[in-house]
Amino acid sequence: MFSSLKRRVDEVLLPGDEFSFEADDTISLTEPAKPEKAVCGPGLRRSGDRLVVCKSGVLRHKAPNVFWIDSQQRRYVPAKGESVIGIVTAKSGDVFKVDVGGSEQASLSYLAFEGATKRNRPNVQVGDLLFAQFIIANKDMEPELACIDSSGRANGMGVFGAGGLLFRVSLGLVRRLLAPQSEVRSDLETLFPCELVVGMNGRLWVKSSSIQQTLIIANLLQSCDTMTAQQRKQLFRKVQQGAL
Amino acid sequence: MKDTPLSNCERDFLLKAIEEKKRLDGRQTYDYRRIKITFGTDYGCCFVDLGKTRVMAQVSCELVAPKENRPNEGIMFFNIELSPMASPAFEQGRQSELSVKLNRQLERCLRNSKCIDTESLCVVSGKTVWQIRVDVHMLNNDGNLMDASSIAAITALCHFRRPDVGIQGEEVTVYSPEERDPIPLSIYHMPISVSFSFFQQGTYLLVDPCEREERVMDGLLMIAMNKHREICSIQSSGGIMLLKEQVMRCSKIASVKVSEITELISEALQNDKAARKAGGRCGFAESMPQERITALKTDETPVETTDATERANDIVQRAEAPPQTVPSPVVPVPGVGQVGQQNTWGLEEEEEEDEEQEETRMEEDQDEDEESGGGDVVEISDSEEEEVVVLHPETTGKAKNTGSSSHQQAAAASQKRQKK
Amino acid sequence: MTSSACDTASPRCSSMMEVCEASSVSLREFGCEQSLLSRPDGSSSFVQGDTSVMAGVYGPAEVKVSKEIYDRATLEVLVQPKVGLPSVRERSQEQCVRETCEASLLLSLHPRSALTLVLQVLHDDGSLLSCCLNAACMALMDAGLPMSCLFCGVTCAINTEGEIITDPTAAQEKESRALMTFAIDSTERRVMMSSTKGSFSVHELQQCIAVSQEASEKIFQFYRDSVKRRYSKTP
């Protein structure tokens, strides 16, 4: 049933392209009919009995039945459960307003930090960087962040950012960096030791032992979007040999 | 729309990097970003790329009456448009502080420096002169809009050709480019603005600040200079106090930068001239980088039209022919014509009817209502000054409907009676 | 909004007189660059012959309270002329482009947000509105905004001899008797927007629509090729 989808995996699709799901012509009498479900990720929409592409990009597939469109978008749209880098823009009452690059500022309760109580407020200033997770994110509600997981632990989240550099890359590159066995990440490991924070909203934060090295890493990552794997490896090797 | 806020982390890092004489894009303190100058298809159209900053300048001209106090001088007009395309912080049609500042600086740089011979723009003294208009559009803001605008404006002015005019008595004829070759403006010198940004109260200095550097800087010094090392305008903003030595040092750096940029502009102008003479294609289309994967170009493509005609004929033939006969016009009152149906809402004719008649009509309506099986009935009675609208709620039961509606109408009627 | 039935199986009209000449029915060379500006979320420049337009899109971003719509995104289209300030002509172009974009974008997916599309005219050598539409579509696609279909713009001119010229230059536009611009959608080749000037018969209108639908195939193929090229380095 997914043959039409599977056939076009890794192909570039454009908005308006369609997949139709007609039932098979022959129904096996011996085997029980098993309804198959496809899980559609970003860029795919159901419309009646058809599946319509609504973003341009590459069709991806993850076994057994997850399909999505991988695009090089730059504007972030909040999604529940995603970890992002936010900039605190205001403190109002008992919430912080955080800019995450979406269409609306997210709110973050001051109690949503590890060990925070009504008396023991976290030390957060306007302009600080936060690594936080969306607990509410949908199109109709104000997005809400939290710096603790479900068990109340910080788990790497919270205020950070002293001494490093924040910069923007495309959302596609961020996903490539976060993918398990990411090639970009393993290439990066061959350079110099650095701390890297990756926000799903296209923001990266890097800190290395010196300003020079931090700048090199930032510039390398920003140029990764427009390079093939081979070009990237070549460039990284050059840097490693001390060309810069 | 708001711009992305600057985080403390970026600010601290930038300042620390500047202390170590490092810049975000690997430049040295006195380096300019890569400057690229391209020309459009028309005369007087120029694009300038300064790193990622991109601006476009277009020069145009028209014949106008001169200013009273300067009857034999042409008019120069400058307009910098901060298009919302360049940055989300720019708004359409609003004069922001930045736009006033840039416009003023460009005027001082190009008009007040008298770099253009305005007397040569006079056609008939006191009657007609050329007005030269320079529109500078910001396309992408990555810092240092002023330098990019000044380069674009002066290059566009150098590139511009105005039409030739002939004067016979009082008659002024403007010749098209086919009849007579257009004439370039006479430009005495080329002032170019160079921006310096200061950090830590003037301790550190950078040439050509990018957008993030502009956000953390304390002060800005703009020096407009020509290649003869004559300062045309100088402006310091941000309220920092500079020492004499600092200004002198900046003007020295500016003189070097200006001569480099002037060289580049003349080279670009020469290249364009050669390309136009050779009859080759020029303009924006040609400047599109072919080697990038984000760009693609096709050749002229013919369109298959063999079945287009057929299909059009088919559709036209299949389409319902419009009725040949026009319904005869109705003339309700002399001097008024009407074609088609009477307005079903209109009860104008019955305006002056008395109550009893109205009631009977209502009953009639009600009967019709019963026949049709219950629907919404809207009644507008014009017999009163106020309009009374009776809405029958749609109900399932026929009997109930009749009962309730008649009740309502009775109520409405009684209301009317009371008013009368 | 007009729609026309697309029926290619029409064997009977072969005896009709051929009105359009093959030589004039062609599109000038066209080109496009995507993501060329660093600030906007999506940008493109579209070139048709000498006509060129640059487009930048911001969004979905924060919306002004006065412009907020509770169940869909607010789309704002700005056309910047090359010389002077926007006037009535630009306003009408803005409206044509906005209505087309609103029809193809899935605005209900981003309620209470703002989309801003800025079109900068770089050079006008005829067919400006269709170039604006094409640049707008490429920029919206580059920004990754959800769309139900793509659209493209085709301009047809009918000259005094009754010949149809697609993608006319400024000189051809001047000499034409009628000028029509259609926005055509990519799924069913329907007409999403039409803007006409001058006088023409019903038959000529239908013929222009049919020619535009044919021309749109080429443009959509070009869209596909350029997006494919853009993603060619994505592993």
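For reference, chains read A, B and C in written order, and residue numbers begin at 1 within each chain.
One rule holds in what follows: a contact is a pair of C-beta atoms (placed from the backbone, for glycine too) under 8 Å apart; a residue touches a chain by one contact, two chains touch by 3 or more.
Not measured: the values here are computed from a predicted model.
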Exercise. Taking touching chains as linked, do they make an open path (line), a single closed cycle (ring), a hub with spokes (star), an all-linked set (complete), or other?
Worked result: complete
Seminar exercise, completed: Note, CA centroid farthest from chain C's centroid sits on chain A
Problem set entry | B-C against A-B, pair bridged by the larger set of C-beta contacts | B-C
Seminar exercise, completed: dist(centroid_CA(chain A), centroid_CA(chain C)) in Å evaluates to 33
Problem set entry | Centre-to-centre distance between chain C and chain B (centres being mean Cα positions), rounded to whole Å | 18
Seminar exercise, completed: Averaging C-alpha coordinates per chain, one finds the centres of chain A and chain B separated by a number of Å equal to 35
Exercise. What positions in chain B touch 2 or more of the other chains?
Worked result: 293-294
Problem set entry | Sites on chain A at which at least two other chains make contact | 226
Exercise. Which residue numbers or ranges of chain C touch two or more of the other chains?
Worked result: 35, 58, 61-62, 114, 230, 233
Seminar exercise, completed: Per the touch rule, the chain A residues reaching chain C in their complex are 12, 14-16, 18, 43, 45, 52, 54-58, 70-75, 77, 102-105, 139-140, 172, 176, 183, 226-229
For this session: State the interface residues of chain A toward chain B in the complex, per the touch definition above.
Result: 87, 89, 99, 101, 125, 127-129, 161-166, 205, 211-212, 214-215, 218-219, 226
Exercise. Once bound in the complex, which stretches of chain B touch chain A?
Worked result: 4-13, 16-17, 20, 22, 24-26, 293-294
Exercise. How about chain B: which of its residues touch chain C in the complex?
Worked result: 1-2, 40-42, 45, 52, 54, 56, 58, 60, 81, 83-88, 92, 133, 135, 137, 139-142, 283-285, 288-289, 292-305, 307-319
Problem set entry | Residues of chain C that touch chain A when the two form their complex | 35, 41-42, 58-63, 104, 106, 109-114, 141, 143-150, 185-187, 223-224, 227-228, 230-231, 233-235
